[in-house]
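Both complexes below contain chain A, partnered by chain B and then by chain C.
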Partner chain A sequence: MTSLRIFFIGGLMSYRAMFGWLNPWILVPSLVVSPICQILLFAFIGRSAGVGDDEFYVIGNALNYAAIPCLFAMGATIGGEREGHTLGVVLTTPARRIPLFLGRALPVIVNGWGVAMVGVLAGVLLLDVHVPGPAWPTILLVVMVASASCTGLGLAMGAVALRVRETAVLGNVVFCVLLVFCGVNIAVADLPGWMGAVGGWLPMTHAIEAARLLADGSTLGDVGGLVLRELGVGALYTVAGLSLLRWFEDESRRKATLDRN
Partner chain B sequence: MSAVQAVDLKRTFRTRTGLLRRTAKDVEAVRGVSFRIEPGELFGLLGPNGAGKTTTIKMLITLLLPTGGSASVLGHDVVDDVREVRRRIGYVFGGDRGLYERLSAYDNLRYFSELYGVAPREQKARIGELLELVGLTGRERERVEGYSRGMRQRLHIARGLLHDPAVLFLDEPSIGIDPVGARELRATIGLLKEQGKTVLLTTHYMFEADELCDRIAVIRSGEIVAEGTPTELKQRVPGGRVLEVETYGVPEATVASVGEVGGVRSVAMEERGQQQVLILQCEPDAEVTQGVLARLGGVRVGRVVSREPTLEDAYVELVTRA
Partner chain C sequence: MERIGAVLHQQLVCYRLQLRVLSTSLFDGLLAVFFPLMFATAALLVYRIKGDPEAMQYAGLGAAIMGMWTCQGVIASSLLTRERWAGTLELLVAAPTPLSRVLVPITMALSTIGLYCVVATILWERWVFGLRLEIASWPLFVLSVLMAALTLALFGFFLSVTAVRYRTSWSLGAALEYPGWLLCGFLVPVELLPDWIHPLSWSIPTTWAMAAVRESANGGSPWADLARCAAIGLAYAVLASYLGRRLVDSARRNATLALT
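Right after this comes the complex of A and B.
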């Protein structure tokens, strides 16, 4: 019961505690205007270069932008605690670490999902994109899976915040890697083999492909393999993140790394 | 069974410098500290900055592993029984940080109630009691970012008490608080003692330690150099007396030379506005005033006062002794 409460209630309160500073004047431009701009940029580049269609760029970039909350918010949820000197207090509580840190992921997943869906909707409204009605529920689901999978990577990044302070800088690098390797603007099949192979081990890649297929009329059954692979990649990063959290917490006790810059 | 026990507790830090040619240096922060705190006792750990107080506390609250010796809280080893120790302790540190600024005081307490596993049905009543105890009733719905330092510090204490811990570690809780806030805080700590809590308190304010602590250990350079009741520690300045000399613009070298005057055991300098007050621990029958004034030479001197030693004098004597 305690762990469940820490997971749900604690996770939500922690999210409020870390991001209460975001008022709508900052939140709306950063999570609505920015992804729409990215979508428009690449869609028009695609049009002027005569490659791809609007739908390709809308789905790729909308899902890619979910990485902003998934990576940065997860990183900040631990890094911000360190900056505010609350992390030491949190770590002296007897709370189990898995629900404590996984609970923080839940609001982040919803946030990422919301950002991606705003992007998809904006694409439909502003560009030449048509998503068939029956595809919407499955796209909603796949976007949720993508967001969860990317939050797993964010958790691993957050774990690194127990050791280093520069997770925001790291977040920029990882976002760029996802943009290039996950088939956001260039299909994975068109990337050099090694880049495609790397993309296969990153979150988003399989979900982006699945969402494009769904928008083109495939069913959930047709893309089940891709969705499962996306879930698998997300689970891998989540386990890695939790293991890193455990390891860095132990190391902070051994080497006092929490006290260092 | 003691509430807290440290036996030959040690902590060494390895620091590395350089990017390509890395050089490592070991710093011994705590060098074999031993003490016991009995249940219900308020124990003070005093020492200058960098003496090892916070490092000792961090080992006792499981945030740091000792590199030598052992420690236990209510019979639970701080290395092996980490969760059991964490269930039974509260940790409060001084300063502005350590609270969620954008949450209200109430939400801060609610969040930590969850982390400490306070039963949902008890949370509201417990938070209400603690807000009352620390004098924040009526202000609990305000965001912490609007709180004064004293209010934050009292909220820290309420947070540390949420799960009704038997042992409380207070690391310089009154640092930077104005005199009224500090007095209120001392009253709160006094109430904890009345409730039977075991408290380990570190502070730089000697009158605070004198007023609150049952026993005190003085730590210097990672070692305990004295332990006893405040009265016993004052008696550590045997039959001595204290000479206070107000000066203006005294150079460091002159202060050192004053310490060489016959009959002077030690000298410490305290900045008080534009004044530098030299506090000299002297032998009981030594006549040092003339010798000291001679060493001060051209330095402008204000009042010269002779008085009985206080706990602060005992502390200064202990931490400045070579």
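Right after this comes the complex of A and C.
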């Protein structure tokens, strides 16, 4: 029961605290304008290069932008606590770490999903991209899976934030890696072999492919394998993140580096 | 003469100090180069699919210059906010040196990071994509790039003063990144954009600088584009200087400089 309370209430409180500063003056430029502009940029690059269609870029970039809240919010889970001098308090509580940190991930997943769907809707409205009606529920589901998977990577990044101070730089670097390696703007088959192989082990790659297939008329059953692979990759990063958190926490206690600013 | 010497000395000292600060910052130095480089990579991967050397030359030139926009547009918008966070904005405004003479060397330092980005991208294109840019006239090409840097610094000056009352100007700066890449014709010809957007593109000096870069690379004459670029850049500098005085005076009169 306590774990459930920590998971839901603690997660929500942490999210509200973390985004306490997120007023419309930040939210609109960061999580509405920027994803739409990234979609437009690559859609026009595609038109200029004569490669792909608008739908390809809308889905790829909308899902890619979900990574921004997923990575940055999870990174801020650790970095923000340290800046607020509350990290020591959080880590000295007897609360179990799995509900403590996974609870913080839940609102982030919903946020990432929202950002991606804003991008998809904007693409439909601004670029006249047609997504068949029956495909929408399954696309909503796949976007949620992508967001959860990417939050797993964000959790691992948050763990690294126990050692790395520049979480904003780290988040941007990881975001760029996802942009280039995950088939966001270039189909994985068109990437050099080694890049495609790396992409297969990153979140987003399988979900983007699945979402594109769904928009082209495939059923959830057809893309079940891709969705499972995406979930598997997400689970892998989540486990890695929780393990890293445990390890870095122990190290930080031993070496008194927890609140190093 | 002595006065001019003092002004130049102040500009040089401020420029060198700010360049050092920016160069040692992971966010302003390293990331400002890395971020556009990765977007350039994504764009080049798209263009490479067709294997058209002309299209690769087009994208390669644009990708080389687009990083300059990131270095300037994103960071310049939040210059005064950063001073506010550091608690030095009041000191800068109260100093006998006009604020514009402090801001211009900072945006010049940002443009210098942008020049580094140009070199890094050209080398990246050569080493990673095997793309050797065909430049018909290197002197004109370099002149066009330097004009892009100079006018972007003036445009950055304009952005920095207009955002003085915007508490979260860093998010505004970040949101300017993609529109700038799209509007200035780095990777997409301006003609491909909707007609109603064209005037917006033409009002940015970098659009003309990019056109000059392409002309000098293709063996044409970049002078008309360079003249337009310089004129628009100067117009922004004059406007920024006027607005800067008005906005700072207003902030002092209403005690809103700190925005707290």
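Definition applied: the second predicted complex is superposed on the first by the 259 of 261 C-alpha atoms of A that agree within 3 Å, B and C clash if a C-alpha of one lies under 4 Å from a C-alpha of the other, contacts with A are read in each partner's own complex, and residues count from 1 in each chain.
The criterion applied here is as follows: a residue touches a chain if its C-beta (ideal position, glycine included) is under 8 Å from a C-beta of that chain, and two chains touch if they have at least 3 such contacts.
From a predicted model like this one, the values you see are computed outputs, not experimental measurements.
Novice: By the touch definition at the top of the document, which applies to A:Val110: first (chain B), second (chain C), both, or neither?
Specialist: neither
Novice: For A:Ile9, is the partner it touches chain B (first), chain C (second), both, or none of the two (neither)?
Specialist: Only chain B is touched by A:Ile9; chain C is not.
Novice: If we overlay the two complexes on their shared chain A, which of chain B and chain C does A:Asn172 touch? Say first, second, both or neither.
Specialist: A:Asn172 sits against chain C, while chain B stays out of touch.
Novice: Mind working out whether A:Ala17 is in touch with chain B, chain C, both or neither, as first, second, both or neither?
Specialist: first
Novice: Tell me the contact category for A:Gly88 with respect to chain B and chain C: first, second, both or neither.
Specialist: first
Novice: For A:Val33, is the partner it touches chain B (first), chain C (second), both, or none of the two (neither)?
Specialist: In the superposition, A:Val33 contacts chain C only.
Novice: Just to be sure I read the superposition right, which of the two partners does A:Leu126 touch: chain B = first, chain C = second, or both, or neither?
Specialist: neither
Novice: Should A:Asn185 be classified as contacting the first partner (chain B), the second (chain C), both, or neither?
Specialist: The answer is second: A:Asn185 touches chain C but not chain B.
Novice: Tell me the contact category for A:Ala240 with respect to chain B and chain C: first, second, both or neither.
Specialist: Neither partner.
Novice: What part of chain C is in contact with chain A in the complex they form?
Specialist: 26-27, 30-31, 34-35, 38-39, 41-43, 45-47, 49-50, 55, 59, 166-168, 171-172, 174-175, 177-179, 181-182, 187-189, 192-193
Novice: Enumerate the contact residues on chain A facing chain C in the complex.
Specialist: Chain A residues touching chain C: 23, 25-26, 29-30, 33-34, 37-38, 40-42, 44-52, 166, 168-169, 172-173, 176-177, 179-180, 184-186, 190-191.
Novice: Write out the stretch or stretches of chain A touching chain B in their complex.
Specialist: It comes out as residues 2, 5-6, 9-10, 13-14, 16-18, 20-21, 84-86, 88-95, 100, 252-256, 258.
Novice: Within the complex, which stretch of chain B touches chain A?
Specialist: Residue list for chain B touching chain A: 13-14, 58, 61-65, 83, 86-87, 89, 91, 95, 97-103, 107-108, 110-112, 114-117, 120, 159.
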